[in-house]
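What follows is chain A paired twice: with chain B in the first complex and chain C in the second.
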Partner chain A sequence: MALTSFSFLCFFTITAGIYYVIPRRFQWMLLLAASLVFYYVSGGWAVLCFLLYGIVITYLAGLTLERVKEGSKRKGLLTGIFVILTLIPLFLLKYVRFFGLSAPFGALAPLGISFYTMSILGYVIDVSWGILPAQRNPFRHALFAAYFPQMTSGPITRYSQMAGQLFAPHAFSYEQIAFGAQRILWGFFKKLVISERLAMAVNLVYDQYPVYQGWYLVVATVCFAFQLYTDFSGCMDIVLGVSQIFGISLPENFTCPYFSRSISEYWRRWHITLGAWFKDYLFYPLQKSGLFIAYLDWSKKRFGKKRGKKLPLYTGMLILWFSVGMWHGGSWNFIVGSGLLHWFYIVSGELFTPLWKRLIALLRINTEVFSWHFFQGLRTFFLVNLGFVFFRAPSLRTALSMLASMGRVFNPRILFDGSLCRLLKPQDWVLAIFSLLILLLVSVLQQRIRIRETLAVQNLAFRWSLYLLLFAAVLIFGCYGGDYDAAAFIYQRF
Partner chain B sequence: MEMKKKELIRCGVFLVLLALVFQLLTTIYIPKWYGTWQSTRIVDGFYELPENRVDVVLLGSSQTIMGLSPMELYRQCGIAAYSFGTEEQPLYATYYWLREILRTQKPSVAVLDVNELLHTSGEAAYRKAFDYMKWSRVKWEAVKNHCDRAEDLSLLSYVLPLTNYHSRWDALEAEDFTYLISDKQDPCLGFVAANGTCDFAYAGTPPSPDEEPDPADEEAYCYLLEIIHLCEEENISLLLIKTPRAGWNAGKHNLVAGLAEEYQLPFVDFNDPKLMEAMDFDYARDARDASHLNIYGAEKLGSWLGNYLKEQYDLPSRWEDPDYAYLKELLPLYEMQSQNAKLSTCIEFTDWLEHLEERYTLFFAVNGSPALKRLPEEVLEQLRALGMGTDIVTSGADYGAILQDRQVLAWQAGLGIPELFGTLEDQTSYKLSLIRGENEESGGSASISLANEEFATEGEGIHVVVYDRGLRQVVDAILVDAEEPGLFVHR
Partner chain C sequence: MTREEIFSGLNQVFQDVFDDEEIRVAEETTAEDIEDWDSLEHINLIVAVERHFGMKFTMGEVTGMKNVGAMADIIEERV
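Then we have the complex of A and B:
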């Protein structure tokens, strides 16, 4: 059940309606039932079983680990076992082919398995570390694992963030409903009007890249950057909006990532919960582990105190980014595009920092002005886009071939001679650009004010006109449903 | 509590507004099939009919639309009828439309053109048949059963047509916006008065009983049987017909004849040469293409069919029936449409001039030429009768004139670029200009635009645009090359 589908809207509306009619103490049970129904309808019994497996394993893990003595070797071993058991379905379904093994479940890809696995794994580790008490009620634990708004695209939540909200009663709040609905509408706009529209151009070029070379690939990659952002963040808006209507706040996953001035900043703004999860549950524990402490000692002795500190850090980051890349997909183009390439950017950025500082001083560049910040933003966007070539391409080899084509085939005239109309109709280009400008405006405003709260105090007529206009824009300009082909309606039988 | 009540009311009002916006957009975005076949107008016109005022329903597809004129049946025989075809209407849709008709009408006779028995229609045909049908159990059953038959058919797109048509945003036209407030009544009662003639020398399909029957389309056959059963249940006399069609053959005839015999139904095949002769039907003159009749053919068919229906089914004449006064009110409008169709069917200039009506405003733009001096006296006489200053016409000069009620409203003559512009009484703006070519070879041209829409035919000669003040529309735009023997009309 796609988030932008009519069936999801109906499902959610009915669930929300019942949610505020039933006694509040049963609300969390309704959410659990709805979540299981959602999962079943989306994937059937087979995929539901994987979810139930994860729920059962991590529930038992919590209860077991809580009883084991803190800091004991047994705890570590048990934690490792439960982590592996939790990761088994993910491995079998997503990564088995990467290691050259045959996939036992064929092309089965349970909805959101990458997301909920991280959430429940985080729960197991938190309990193991003594940060949380284990959840004794299996149904409450199931709700945390299966909460349906976040199943398809995240965000990756922590038990500590969710527990207080999921099981608490929620009174009807007009403000929450209104804000949630506004957010959903905005998400639909981003997803259907912008993302799906740009996808047509991107798919055409990337699927037929031997035909579309050079600057076609450049244009398509830039379009992909916005397609991916509006798709993912649009889904997040819908997810957070839906959840807000239930009175449950989910963590933000995007904060205008293309305004970033460095790769590090980019990953603090893009898929925030993923980065935070890997940092908290992989990177930091790794750095604090006995192995890495020994590694640090050896490195300091070998390379000196200053340089020696860097090696374990960069090694840890390598493992981190490799894992981030793997999470995105079990193939090298994802590992490089969303992982290793970014590791390279960050590490080389750090290594060359003294050189950049000297260059900036030599050229007397003022780094406190808008022009410099704008340059940094463009540079970051460019570097991110290089990664997107790998991310979008079907394979590593194809990605490298595309990059070579971008460098080899020099045809910027396509930007001016109407060639881009092969990718999208002129009207669609105009609409896409106009919509992106609206997105830019909203993003800039978001940096300065809280938009929904500011709108809420405006006059009713203005607010409602804006909402109805946005609603109409989604209905008219959204790419969904059938594509009306006037030619098919021309009566030709004589 | 008061706050909560206020909030709930506000929510409710906003949801109502959302629904209204959705419905408004749906109305705008559904295609308005007002082109040649007028499917939208036909469906909308049906819903404007008063209840229980139709004695005969004419069913079928485009051949019914152009071949069977309910107003001819009324005008000639006083029969109250409505023609219910949409383009390529599959018999599946005809069955459901008959059920829909029976919700508000009680016809005693159904006349079904069987053309679609032999064809498989595309999805577009179903959409044209169902998109404008009002929601009821009949429509729900029709679209649900239709969409259940194939996985790629979306029931949601029928329930919420906007999901199917929203991508028309870059192809919207004025009629999409004016549809909501437009008059839905159809003076032709589902008929389209077609113009044009064709070159087919088709003299009919002689009977050939030994010819193997053609195979019927499976779905169409199934739903023809449903129509037969429905008519039996509702006590409606079903008459199967086939309008004249150049593509008809003995195999097709035998298929239908066999079926008619099996179910004891009358079948009138107008492709029978004897019947065509009885109607004085000349395919080349009375049809617009290989499948469809023009206004002349429809009048002949209507006359024959009307008499047949009266004799066979004892149908009452509704001429003086006050309950059927709506037909009398619509008759003048129908006659105007009929006259316009006949005008735009003319192929010779003299014949064309004969068909001009008093209510027309004529926009003449004449590229000067020596050939004008050689126009036949008959033509000049006709032009004078219209109020045209023929001395100027035959002088060979460029000439522009606007004629109305046998008078010249405005004119301009001479070498150069005559230009006339202004506004008619009904506020329709016009602009007329002539351009002389740079040399003998390049030739002249003309521009005649009304309400900023260009109508002049390309070329050099006598350009005429005919504006019907009664119907407030342009009904013909011709070019006559004075140098061409025969003075044929070009469009």
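Then we have the complex of A and C:
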């Protein structure tokens, strides 16, 4: 049941209707029942069994770890066992082929498994660290793991930020429902009007490689950057909007990532909850481990205090970025494109900072003006796009071949001689570019004002004209597939 | 250990980690106030503070500390 499908809209509307009619103390139970139905309808019994396994293991983990003494060896051992037990389904469904083994469940779709596994694993680790008390009610624990709006594509949530909201009674609030509905509509616009339209050009070029070469690949990659952003952030708008209608705030996953002026900043703005998860639950414990502290001592002795402390940091980051890449999928194109390449950018950026600063001083460049910030933004966007070639290409080898083609085949004439109309009809290009300009305008406004709150105080006629215009744009210009169901969200397959 | 002694020790650690003799931390100091105190340097700082005071922060405390005052509270409790 895709989030943009008609069946999901019906399912969600009925659930929301019942949610505000029943006594409030039963609301969380309804959400649990709806979540299990959603997961069963979307994935079937086999996939539901994996979810239930994760719920049972992490529920037992919480109860067990809470009773073990803080800092004891037994606690460390038990935490390790429960972490491995929680990760087993993810390994069997996603990574078994990467390690050269045959997949025991064939092509079973691991719907949202990478997302909910991260959330429930975070719960186990938080209880082990003593941050959280264990949840004693298995059904409440199940709702945290299975809450349906966020299940298929995140955001990856923390128990501490969700528990209070999920189980609390929620009164009917016109404002929350209106804001939620507006956000869903905006998500539909991003997904159906922009992402699905750009996908046609991207799929043509990437699926028919090597028919299209050189600048065709450059154009398709830039289109993919916007397709992926509008797909994933549009999905987040729908997810957060749906959840807001239930009175539950989910964490933001994006804050205008293409405005970033460095790769580090980009990762603070793109898929925020994933980066934060790996930082808190992998990178910090690693850096604080006895092994890394011994490594730090050795490194400082060998390379001096200032340089020596960087080596363990870069090694920890290498493990972090490898894991981020691996999370996207057990194949090298993800590991390189979404992981190691970004590690290389950040580390080389740090290493070359002194040289870069000297060059800036030598050329007397003013770094406090718009033109310099714009250049930094373009540079970051270019680097991110290199990673997207690996992300979108079917294999590492094809990605490298495509990058070589972009450098080798110089055909920028295709930008002006009408060749691009082979990828998309002229009216689709116009619509895509115009929609992207609207997205740019909204993104710029988002940096300065709270758009929905600002709109809410405008006159009724103005507000509703805007909403109806957006609704009409989605209906008329949206790209729908068969049965009016759009293609699945890209991140849903993770 | 008195609060003053803790802050004196923290000043030494911060100056050492961020390589800046001018740094003086206070109860309300946060990562916003020190230019190089980012999420990467945070863990180096934690390890250095642990070493200086001969104590350990739990992982929950590492990610949950709001400011230097909260850090000093934990040190005061442990040493």
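By definition in this document, the second predicted complex is superposed on the first by the 480 of 494 C-alpha atoms of A that agree within 3 Å, B and C clash if a C-alpha of one lies under 4 Å from a C-alpha of the other, contacts with A are read in each partner's own complex, and residues count from 1 in each chain.
In the analysis below, a contact is a pair of C-beta atoms (placed from the backbone, for glycine too) under 8 Å apart; a residue touches a chain by one contact, two chains touch by 3 or more.
Here the structure is a predicted model, which is why all the values come from computation and not from measurement.
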Going by the touch definition up top, name the partner, chain B or chain C, that contacts more of chain A. B
According to the stated criteria, A:K73 is in contact with first (chain B), second (chain C), both, or neither; which is it? neither
Looking at the overlay, what does A:I476 touch: chain B (first), chain C (second), both, or neither? first
Looking at A:L468 after the superposition, I want to know if it touches chain B, chain C, both of them or none. Which is it: first, second, both, neither? first
With the two complexes superposed on chain A, say which partner A:K306 touches: chain B (first), chain C (second), both, or neither. second
Is A:F6 touching the first partner chain B, the second partner chain C, both, or neither of them? first
Mind working out whether A:Y174 is in touch with chain B, chain C, both or neither, as first, second, both or neither? first
Which bits of chain A are touching chain B when the two form their complex? 6, 172, 174, 177, 425, 427, 464, 467-468, 471-472, 475-484, 486, 488-489, 491, 493-494
Which bits of chain C are touching chain A when the two form their complex? 19, 38-40, 43-44, 46-47, 56, 58-60, 62-64
Looking at the complex, which residues from chain B come into contact with chain A? 4, 7, 10-11, 14, 17-18, 21-22, 25, 29, 31, 33, 36-37, 62, 87-88, 119, 122-124, 127-128, 154, 156-157, 160, 162-171, 289-292
For chain A, which residues count as touching chain C in their complex? 70-71, 125-126, 129-131, 264, 279-280, 283-285, 287-288, 293, 296, 306, 309, 313, 317
